[in-house]
Amino acid sequence: MKIVTFGEVMLRLSPPGVERFAQTDTLHMHFGGTEANVAVSLAQFGLQAAHVTRFPDHALGRAATGYLRKYAVSTEHIRYGDGRLGLYFLETGAGSRASQIIYDRVDSAFARIRPEEIDWETVLQGASWFHWTGITPALSQGAADCLLAGIQTANRLGVPVSTDIVYRSNLWQYGRKPQDIMPALTEGCTLVLGSKTLFSDLYGVVGSTFQESGRALMKHFPNVRYITDTKRRSVSASHNQLSAKLFDGEAVYKSRIYDINPITDRIGTGDAYMAGLIYGLLTFNDLQRAVEFGAAASALKHTIPGDVNLATVAEVDTLANGDSSGKLKR
Amino acid sequence: MKIVTFGEVMLRLSPPGVERFAQTDTLHMHFGGTEANVAVSLAQFGLQAAHVTRFPDHALGRAATGYLRKYAVSTEHIRYGDGRLGLYFLETGAGSRASQIIYDRVDSAFARIRPEEIDWETVLQGASWFHWTGITPALSQGAADCLLAGIQTANRLGVPVSTDIVYRSNLWQYGRKPQDIMPALTEGCTLVLGSKTLFSDLYGVVGSTFQESGRALMKHFPNVRYITDTKRRSVSASHNQLSAKLFDGEAVYKSRIYDINPITDRIGTGDAYMAGLIYGLLTFNDLQRAVEFGAAASALKHTIPGDVNLATVAEVDTLANGDSSGKLKR
Amino acid sequence: MKIVTFGEVMLRLSPPGVERFAQTDTLHMHFGGTEANVAVSLAQFGLQAAHVTRFPDHALGRAATGYLRKYAVSTEHIRYGDGRLGLYFLETGAGSRASQIIYDRVDSAFARIRPEEIDWETVLQGASWFHWTGITPALSQGAADCLLAGIQTANRLGVPVSTDIVYRSNLWQYGRKPQDIMPALTEGCTLVLGSKTLFSDLYGVVGSTFQESGRALMKHFPNVRYITDTKRRSVSASHNQLSAKLFDGEAVYKSRIYDINPITDRIGTGDAYMAGLIYGLLTFNDLQRAVEFGAAASALKHTIPGDVNLATVAEVDTLANGDSSGKLKR
Amino acid sequence: MKIVTFGEVMLRLSPPGVERFAQTDTLHMHFGGTEANVAVSLAQFGLQAAHVTRFPDHALGRAATGYLRKYAVSTEHIRYGDGRLGLYFLETGAGSRASQIIYDRVDSAFARIRPEEIDWETVLQGASWFHWTGITPALSQGAADCLLAGIQTANRLGVPVSTDIVYRSNLWQYGRKPQDIMPALTEGCTLVLGSKTLFSDLYGVVGSTFQESGRALMKHFPNVRYITDTKRRSVSASHNQLSAKLFDGEAVYKSRIYDINPITDRIGTGDAYMAGLIYGLLTFNDLQRAVEFGAAASALKHTIPGDVNLATVAEVDTLANGDSSGKLKR
Amino acid sequence: MKIVTFGEVMLRLSPPGVERFAQTDTLHMHFGGTEANVAVSLAQFGLQAAHVTRFPDHALGRAATGYLRKYAVSTEHIRYGDGRLGLYFLETGAGSRASQIIYDRVDSAFARIRPEEIDWETVLQGASWFHWTGITPALSQGAADCLLAGIQTANRLGVPVSTDIVYRSNLWQYGRKPQDIMPALTEGCTLVLGSKTLFSDLYGVVGSTFQESGRALMKHFPNVRYITDTKRRSVSASHNQLSAKLFDGEAVYKSRIYDINPITDRIGTGDAYMAGLIYGLLTFNDLQRAVEFGAAASALKHTIPGDVNLATVAEVDTLANGDSSGKLKR
Amino acid sequence: MKIVTFGEVMLRLSPPGVERFAQTDTLHMHFGGTEANVAVSLAQFGLQAAHVTRFPDHALGRAATGYLRKYAVSTEHIRYGDGRLGLYFLETGAGSRASQIIYDRVDSAFARIRPEEIDWETVLQGASWFHWTGITPALSQGAADCLLAGIQTANRLGVPVSTDIVYRSNLWQYGRKPQDIMPALTEGCTLVLGSKTLFSDLYGVVGSTFQESGRALMKHFPNVRYITDTKRRSVSASHNQLSAKLFDGEAVYKSRIYDINPITDRIGTGDAYMAGLIYGLLTFNDLQRAVEFGAAASALKHTIPGDVNLATVAEVDTLANGDSSGKLKR
């Protein structure tokens, strides 16, 4: 089974441990992007995953490619060209001190992508799934157009499409509003991760509960078969509680609540959920098990440094089956 | 607004993470001293802060100066001369294992200070506050004399004076007892941080409660307008609970109790409180808000490596206003 | 008082912090082995400790010796020869992610030991205690034979013998079963650490409680005077609860339950208990105090990186006496 | 004596040692920019130095300020606003492998500077020298305009102006050519660092030797009193030979040839020369000594990690006086 | 063009910088093996490269795969099974102190390979080159057999075969001598790297010069078209001189002598030569240029940490064309 | 054979690589002292070595002991008491930038030693050699007195005594001049390392050449049988040339000149010579070989980080026999 993801990959630079930007003289490198994070996670689960993006044609762009390849993601459809490597600087917090991100991704090589650079027909040939998020169309008209072409191709080829419709207000700087762009993209989706607030803001779809709002979305976008969302209680930067739910138009499947303490790295934990859920939907014939697998995957990601979830199926299964003892394995 | 602080700054050397002295071959460097820590914190809050001290005239003394300057503290009144750089070695504990300090500060360049080296008239010109602690007069006669001159000058210039009357029994090696020295120094103070036990031991001032003891101190030292203290419950080296209270002769203002878990670095958390309180007194017209700001500043310091609090006003305000969720800021 | 221990010492290689094997490019070195860990701990408690083992005759074997010597263990009876240095790779987990060990110890220099290489008469001269574990006879016939000679010599010289009868199913690859080998070794012991399940599996000794099973073991092996065991509740990889009990044929002495959070390094915590208990039995005339000292030693080990417990008697006493506050010591 | 410099400061990110970008997961941070490097070096020489620039108003912009302040450069005239922090990635070579830089400085906060943001009258009050380079006008029209205002103010106030007319073809992206911009800027200068090729390309000033070309430039720009240049023979990335010469319209003063092996960090060595020369011109009444001091400063910079020269006057003097023995100083 | 290589890949563990084993507590990880090093180098040159090996089926085996994949080597034909990951410990010397290797590769997963595990027909389909070395048949009968099958398949498919017939006396522990095994393997080769001493020792082929000995080898093994060798003068561990020569049965093509100082990492420099030569033979129609490219590639590898050459074609070309200045590239 | 050495051991703190004090936030730890360095080196050569010193009775003093013990030096005669741990801060230079040391050793636990603390009779029982240097009597009257007692005991027991009469003008702060103290100490020596300038300054012994001056010293101190000295040409901080000579009253034995490039760590290279010479005198019956062994040992030390020489006899022999090729040993 091959999963294709599409989106920007950034170089992440973070001080060691919980040092502040002002006091460090060293930065640790990771690479990540919400869609690529999903690809890496699925590759660790043993599926084939290919990420589509565009990097600058220099040593750091090549290093980004190497990072994805190291974690078994196919990079054959990556394009290289002008523009910068998107960056973000992460200061990790602890306890009552929040983590902070300074984004530096404007005018990246990915934002400069043009639809004709990706031959979606080839890319999606034989794929079992296509995943995108609301970050991509927020970056540039080119990225939005290229994405739309991808979704339409996936629809034509019968490849299921998932999305996390995440909205970031400090993006969307290229003159369009999400309300202009997101509906056409969401229309082609099978699985949508989002909240009822977002459903209302982006699509004008309202409902007083997750279930009602989901039902309304499914009416609005008849291709949509699954609605999902996660719920996080932030006790502190080091201690969160997390659960997930999945709605298939009929029933709501809820995961256990995972108590996560301590948190090593909170970045990419939503992507880890999405990857776990996709894995579950593709592999299990059991929606309850799928949502539980996704939530457990997300919980485990909190213990792993970097943006990507390096947990294995066996590890996720152990936790999904209720063993959170963390007992030493010899 | 300019705040002036006076005292020794030491080089702190600590093994990485929670390694023991016996097992490390690397030491991380920080610089700190209880009064300088207050200056750095106030500089992060956006006030002007100048620290007065005396360093050895060599590369490490210059590096110490650079450290203060990096964090926006004015170093123009620092003097250089003979003597060593004071040091302390810190082994950081965890859980039920306590942190340990080995001091190596005897005969430092600061301890060799002579009163005539500091022209207090110039230093305190235009200052809004002067801060000292009980460490300084414990180091040497010269330091005590120089401090007394500073306090007297501040009084003459109408600059408010604060003190943390901390008592360390392993200091005071130069032949005088704190009871001989501290009263004359405390007399010129507006704000005193201390416990009723210390009030009794140092000044013979007794009272059965914080309030009564504070009232007695105010009677004893008519310049004193505020008494303050913090209260810490040490669940473990990684988990503390902290609160603060402030007495203005009439009412006692108590902060929330902050649950701090995990603790990254406990050193300088008292100084962070003092800096927060001074900031509050200088900036807010609200004693409750001032003590809450101080306590929140102290709580945040526990998450920051090193002796000095690098939290901003916005961060302290968030916590002081009750948001301890540590939610990621993008 | 001199304690002698016998067993393999491995080089442990672990990624920094909680990094996964797949993402690290650096490994931290420690050395450890269950019996040597006991020796190091006892040496920190101020007793004389000598470890007997066999290393490859190359720079890493010499480095292993240096590691033991650094921590005050006598290495004069160590032998050098052919074979590899045993290794293990440790990935440290956190929260719900378990730590993982990959052993790489097959055909080590220690496994190739021949009984005639150790002159037990000389080694045990003047010793107050001899300690071994169930790992040693599981490695090779030579190790088992050499150990038996050691136990018999100890018995002849009147040196008390202790054992932790730990059973690892992935060892015992040389053609013998533990049931063939362990009884003769256990026969010469004074103190046995093990569970009733193990007593039943290894010796066919049954009993429905710790006490009954212990009593049965004492009947089966009349030299045995003390049975002990620890009990661990694994809340997560970062949070455990630990207690211990000791049975002298009459009464069961139980330690306090220690709540351990966070855990820095779980490896060697059982050995730290054994060392603490041996210290207690040799030093205190008080079984309750001995088991409490052992349990407190084990609890403290969880805060110390590496396999060996570097806590001092004073530190263990503080905790054993109920002070788990971890208050900064200046 | 106060020296003012003006230009962009970038965050430099480089792998440890001589690792390649493709293999590192850690980047070391330094800050630097050709003009700020001059300021830092002069501050180490004990002069007052103030750098004028514009940073983004976030934690990394503040960290850049802290870096300059740490090294005793006045940052009071720095402005904060929109735009990114300029970056460059440096891979350090060795032997026959060249070092490589990937610049990522487009649209920085500095490039967005507007002339009205700097009050040159205030900034240059009491200054003894003003320094700029050909990088600044290459970045944006705003930077060029702001610089011109600075030079004109310096001229009006009688402050000598120096420039390094370095030309980088990959800059100058804002629609103007250096030939349009540089002449008006150079006109106000006292000291010009450049080659005869550059004099010809930028100003159409020709001469067949350094001396002739210099004389022609002085004719073209009557304010110019000194022409200088360095000469580097690159044996390998680890071994260079360096010398400098200075022309005052009459004589050419040549430095010794410095054999530099090994090279720790080649970045900023030209700026170190410029700082040394300025120091020499301001401090010595001896052009030969000034050019020798500059060349020795540059040679020493090759041994110091980072962009800035942290050598002291005493160290430079030792080398300038011919002692290159590097003998241990106790 | 696709190149296939076959052989063991080991985890290399080395202290930082030039620390000795006895003094380090950290080891840096690289992966390498003489044949895989060739594959990585060719992949950096832009060719397709696939490495065939067998790893243990655990996290470290997977990490080794990730390392190769990161550097663009295809890992699709790698097999996983029982056995250890081969290791070697490298202590890097300097000046007159030699580097030292402690091998720990006995009984690795690769040594346990069985010929039927590799489907050479599939692996070599469409390949342009197959490369092996004398290390592989020295490890085990299974490795030798598997290799022979590979060579025979390559011959059948018309894929050119190269070998470096390196002989290590401390290998060959499985009961066969190189003289028994090497001739049949060498028979199928097109390109042979070796010295006349080895030709005589392994095949009984003698000749008094490189040329004569090469001619004799070509007679002995009629498939062989090229003989090559490198020559190294070791001035010190930090300074070597290197050259190469290639014989095609008619003329000897000699490279320039490369003066290499300082040396960052000498490991894998022979493999870098082989990769450069193969690239040259496959890409240039010019034997002189091919041997020069190989020698320059080898020279550059000395500046790169780790076993594998990460130089690009452009970098090698620069040096091969005579520019060893190492001038900074912006 | 057992060698006894006596003197202070300091904690050395140095920035990584060639960073300056002003720019580092990490310090690497080593321990060293001129006499202890000799002991460690001799222990690496396989002799028994015991170092006598006095440490503060805290965790860092114990860590210093552990360091010596790790390198096989007997620490049984070390005493613990009041006073500080002596420190020195080392900034390592490169090329024309000199290394710099900031000493911080005043009033150390060693300087507070009292003669009665060391029972020389016991310490020197069975010893084959006793070594001291001119640093020890320069530290305090107590150290000088204790040393004198040691030398006298050695003389009484017939143990040969060696000294390096090194003179440091910034020591000798306790009121005595070296001319008062050194003669009585030197009188008991067999082997003296020093220059003719020192012989003249300290003892008033003059001679126009090494040989004549040596002969005069032997006349002055009839116990002296050997005079030795090293000669260093400092090309740069990274490149030195070193040779040694030994005079036995009849002939002068000169070593080869060792060209040392690059230098990793110059500290302790004189002590490495002394250890090598002592080893040679004790082991070889050949003065030429002894001086060559000493010089080669010193040359090798330049490649080893830290104060102590960790070279083996085999390594020194290789170099002493003329092989400086540094060829990789597998």
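Read from first to last, the chains carry the letters A, B, C, D, E and F; within each, the first residue is number 1.
Rule of thumb we're sticking to: a residue touches a chain if its C-beta (ideal position, glycine included) is under 8 Å from a C-beta of that chain, and two chains touch if they have at least 3 such contacts.
Note that the coordinates shown come from a computational prediction; the quantities given were computed from them, not determined experimentally.
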Query - Rotation angle (°) superposing Cα atoms of subunit A on subunit D, nearest 5 - result: 180
Report summary line: Farthest chain from subunit C by C-alpha centroid distance is chain D
Query raised in the report: Looking at subunit C with subunit E, do both copies bring the same residues to the contact (over half shared) or different ones?
Result: same
Query - From subunit E, the most remote chain by mean C-alpha position - result: B
Query raised in the report: Distance-wise, how many Å sit between the C-alpha centres of subunit B and subunit D, to the nearest whole number?
Result: 41
Query raised in the report: Approximately how many whole Å separate the CA-defined centres of subunit A and subunit B?
Result: 45
Report summary line: Residue ranges of subunit F touching at least 2 other chains are 20, 22, 25, 66, 71, 100, 262
Query - For the subunit E and subunit F complex, residues of the former touching the latter - result: 17-20, 22-23, 93-101, 103, 168, 170, 234-239, 262, 266-267
Report summary line: As the complex stands, subunit D meets subunit F at residues 71, 258, 260-264, 299-300, 302-306, 310-311, 315, 318-319, 324-330
**Report entry** Residue numbers on subunit A that touch subunit D, as the complex places them
**Finding:** 13, 20-22, 24-30, 58-60, 62-63, 66, 84-85, 87, 89, 91, 100, 102, 104, 106-107
Query raised in the report: If you look only at subunit B, which of its residues touch subunit D in the complex?
Result: 66-67, 69-72
